[in-house]
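Two complexes, one shared chain (chain A), two partners (chain B, chain C).
Moving on to the complex of A and B:
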C-alpha cells in the first residue's frame, strides 16, 4: 500500500507556493503566531468565485490547483482533506453573530461556510470532480487519516490518483482561547524555537497555519522519485504515558515496512519548543533512533497546528527529490549527501501520534 | 476474495428512545420524537425539534459518569451511551488489541458547550477547562479512552453524510485487512448554532418534517448518537451477526454548497455505485431507507434519483427522519441501525406525517410497519457540499 508523490502545492508561512524546491530565503519573525505568505489568488481563482470566498477556502483551492497544475492537470479519482479545525473563522463569525445579536442572524453565509467539509467540496465544485470526497477532523491525526485513506484508495484501484491535503487556519480567538491553556510562547524568533536555551525553550510553542496538497498516484506518472510507503497513527489515552510504548509503535511500523532505525537517512520530528512535548522526541532520538543519520524539525518554519505534518511531508518529499536538506531545518545534525529514507514522526500533547515513511524510488537519481 | 464485513452490535440514543428495543418500539407504534424545544431558550422556540429529553446530569449518569460531568459535551455523552449499548449487547468487550479501530463522525462536535461559554471565555477568561471540548475529536477520544481503542482512531466530518461515511470507512478498513473490528458511528447534539443556521437557510419545518409529501415544508433537526460494531467475517461470532455490509459508495455532486442537484444526480450515482460494489441489481433491493429530510429540494431530487435507478421496480421507501429528526452527523449511523433492524426483523419501516403524494413522483412512502422478506436494504445519506453516500446492508 504505497503511492508516488506526483506533485505538491503548499501555502505556508514560508515562500513555498511558487517553487517546487526549497525557497531561497527563510522567513524569520519574532512572533507567537506565524502567518501564511499567500499567493495572488487572482491568478489562480476565478474573480467571481473569489469575491466572497473565505480565506481558508482560497488557501485550500489555490494550493490544490497549484498541486494539480504541477502534475499536468490530471483529474484525481478522489479528494481527501484533513483539517483539525475546519473553517474556524466562519464558524466563529456565525457563532458571534448569533450570540451578539440574540439570534437575529445578519448573514447565513458564514454558517454555510462553517462546515468542516467546505474545503473539500469547494475543490470538487470548482474542478467538477464527482469522485470520492472525504474530510477528516481529528486534531493532529486529521492529515494522517486523510493519507491513510488515500493509500487505501490506491490499493483499491491502483491506476487512480488521489488529491490529498492538510489545511488549518489560525484566528485571533483561537490564539486567545489557547493562550489560556498555555499553548503559546511570548514572541520569539521562530528559528530559535527549539534550539537550546533562551526564549525558544520552556513551555508553549508558536502557532502556525497552512495548506499543503499532494497528488498521490499508484503508478509513476512522470519521473516521480518520491514514494509514500506507509502511514501509521495511534492514540494514547491521557492516563497512559509509556515512552517505551512509542518506541514499540515506531519499531512495529518500521519492521512492517522492512526498515530499521539505522536505515533512516533523515528523521523529521515535530519539535515545537515546548519542553514537555519535546522531551518525547528527544528521548526517542537518544534511544530508539540513535542509529539514524540526521534529524530535522519543521514547526520553526510553519508553526504548530493540527495539520502541520502536511508541511512536514512536503519537507521530506522535497529533501528526497532534491537530495538535500537545508541547514535551517536540521537539528544538531550534519547534512547527508544521500537521502533514500525519511521518517516523519509527530505527536500532539502525547495524545495523537502519527508516523509517515518516505523513500526514494529505485533507479532514480 | 475480499473479506466480508458484518454488523455484530448496535447502540442508539435519540428522541425516540434509549437503546435498540425502545427505538424499534417507537417506530412500530408510530411514535414520533418530534416536539417542542425545551433544551435551551431560543427566539426560535416555536420550531419543532427532536430532543433527547434528558438533562446533562441524567445523560452523564446513563453514561456511567458521576464525577466531573461538566467535562463532557452532550454529544460525547450520547456517543458513550450508544457505545456502551454495543458492548453490553452481544459484541465482546475488551477490544483493546492492535486490530480494533474507532471511526466517529460529527458536524458540530462540542458546540453545545462552545456556544454556552464562548463569550465568558473571550471576555472574562472563565471556564477555560471547556476549551478542549469544542472540537470534533473530543467526543471520539473520550470513547476511545473508555473502550481502550488506541491503534486506529479518527473522526469524519462531511456534514449530514458524516456517519454514513464513518461506516463506509470502517467497512473499507476491514475489507483492506487494515483492521479486524471497527466501532463506527456518529453523534451530534441539538445546538442553538445549528438551529439558527438551518433557520437562517429557511429550511426548518414549522410543523415537523413531512418526508415525500406534497406539502413538505422543511426539515426538523434532532440529536443523539448511533454506534455499530463492524467485524471481519472470520473474527465475528456467528451468533452476533446482524447483517452484512455489502455495498457502499461516496460521490460528490459538485453542484452547490447547500442545495441538491436537480434530478438527483449525486443520489443516483451514489446508489448505483453502491449496488455495483455489492454486485446487486436494483430489483434486488427490498427497502430503501431514504435520506428524506422533508425539504422541498432534497425529497424531489432523491425521489427522482430513486425513480431513475429503480424504474419499474421501486421497492418500499421511507424516511425515518419524521421519528428521529435529522440528527446531522449521527443520521447516517442511526439509519444504518434502522436498516439493520429491518433485516433483523424482516420488516419494512414506516415514515410519518405523509398525506398527499408528490405529483412529480410515482411512489409514496411506507406508512406502517410491514412484514416482508428483506434481503437487501439501501440507506442514503446526503450532505452539504454535495456529499452523497449510499450503504447497502444484506441478510447474512
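Moving on to the complex of A and C:
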C-alpha cells in the first residue's frame, strides 16, 4: 500500500505557493497566529466563481489547481480532503446571522459555504470531476485519514491518480475561544517557537493555517522520486504512565515497513513549543530514535492546526526530492547528505497521533 | 429618488461582492438578471434579504419579486412607495 507523490500545491504562512522547492526566504513574525501568504487568486480561479468563494475555498481550490497543473493537468480519479474545522469562518457567519435575526431568513452564501465538504465539492465542480469525493473530519487525524483512504484507492486501482489535501483556516473566534484553554503563547517569534528559550518556552503554541494538496498515484507518471510508503494513526496512548507506548507504536509501524530507526535519514517531529506536548517528542527521540540521522520541526513555519501534517508531508517530500533540508527546519542536528527515508510523527495534545513514512524511489536522483 | 438609486447601486455591489464592478458601470434601468449585470438566483435571494433587512420590505408574491428586482429603479420605486 504505497503511492508516488506526483506533485504538490501548498498555500501556507511561508511563500510556498509559487515554488516547487523550499522558498528562498523564511518568514519570521512575532505573533500568536501565523497567516497564510496567499497568491493572486484571479490568476488561478475564474473571477465569476471567485466572487462567491470564502477565503478557505479560494485557498483549497488554488492549491489543488497548482498541484494538478504541476502534474500536467492530470484528471484525478478521486478527490479526498481532510479538514479539522471545515469552512469555519462561514459557519460562524451563518450561525451568528441566525442568532442576530431570530432565526428568520439568513444570507444564503455563508450557509452554502459553511459545510465541511465544501472544499472537496468546490474542487470537483470547478474541475467537472464526477469521481469519488470525500471529506474526512477527524480533528488532528483528518489529513492522515484522507491519506489512508487515498492509499486504499490506489491499492485497488494502481493506475488511478488521487488528489488528496489537508486544509484548515484560523478565525478570530477560534483564537479567542482556544486562548481560554491556554492553547496560544503570547506573541513570539515563530522561529523561536521550540528553541525552549525566552518567549518560546513554557506552555502554548502559535496558531496556524494552510492548504496542501498532493497528487498520488500507484505508478510513476513522470520522474517522481518520492513514495508515500504508509500512514499509521493511533489514539490516546498512555504516554505519561507508559512511556514505551508510543515507541512501541513507532517500532511496529517501521517494522511493518521493513525499516528500523537507524534507517531513517530524517525524522520530522510536530514540535509545537508547548513544553508538555514536546516532552513526548523529546522522550521518543532519546529512547527510540537514537540511531536516526537528523531531526526537523515544521510548526514554527506553519503554526499549529489540525491538518498541519499536510505541510509536514510537503516538507518531507521536498526534502527527498531536493536531497536537502533547509537549516531553519533542523532541530539540534546536522543535515544528512543523502535523504532516502523520512518519518513524520505528529500528535495533538497526546490524543491523536499520526505517522507517515516517505522513501526515495529506487533509481531516482 | 436619484440619491436612493446611487445608494442602492453601492449596496448591491457590496452585498453581492461584485469586486470588479463600480456604480458607473450600470444605470438605474440596466437589467440586473441574465443580461445587464448578469445576476442569478442566488443573487436574487441576497437582494430579497437586502430589501427585508435594510428597508423592511417583505415581498411574498414571486411575480412581484421578479418585477421589483428587474432593475435598480424598480427597487427604488418600491422602497419609496412603501415609505409613503
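Assume the second predicted complex is superposed on the first by the 358 of 365 C-alpha atoms of A that agree within 3 Å, B and C clash if a C-alpha of one lies under 4 Å from a C-alpha of the other, contacts with A are read in each partner's own complex, and residues count from 1 in each chain.
FYI, a contact is a pair of C-beta atoms (placed from the backbone, for glycine too) under 8 Å apart; a residue touches a chain by one contact, two chains touch by 3 or more.
Keep in mind it's a predicted model, so treat the numbers as computed, not measured.
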Partner chain in contact with A:105 - chain B first, chain C second, else both or neither: both
Chain B versus chain C as contact partner of A:51, first or second or both or neither: second
Comparison of chain B and chain C by chain A residues contacted: B
Touched partner set for A:155, first chain B, second chain C, both or neither: first
Partner chain in contact with A:134 - chain B first, chain C second, else both or neither: first
Chain A residues contacted in one complex by chain B, in the other by chain C: 105, 108, 112
Chain A to chain C touching residues, read off their complex: 47, 50-52, 101, 105-109, 112
Touch list for chain A against partner chain B, complex: 1, 79, 84-86, 94-96, 98-99, 102-105, 108, 111-118, 120-122, 124-125, 127-139, 141, 145, 148-149, 152, 155-156, 173, 176-178, 180-181, 233-240, 351-352
Partner chain A, residues of chain B touching it in the complex: 42-44, 107, 114-115, 118-119, 121-122, 125, 128, 131-132, 135-137, 140-141, 144-145, 148-159, 165, 169, 172-173, 176, 178, 192-193, 196-197, 199-201, 250-258, 266, 269, 383-387
Touching residues (chain side chain C, partner chain A) in the complex: 16-20, 42, 45-46, 48-49, 52-53
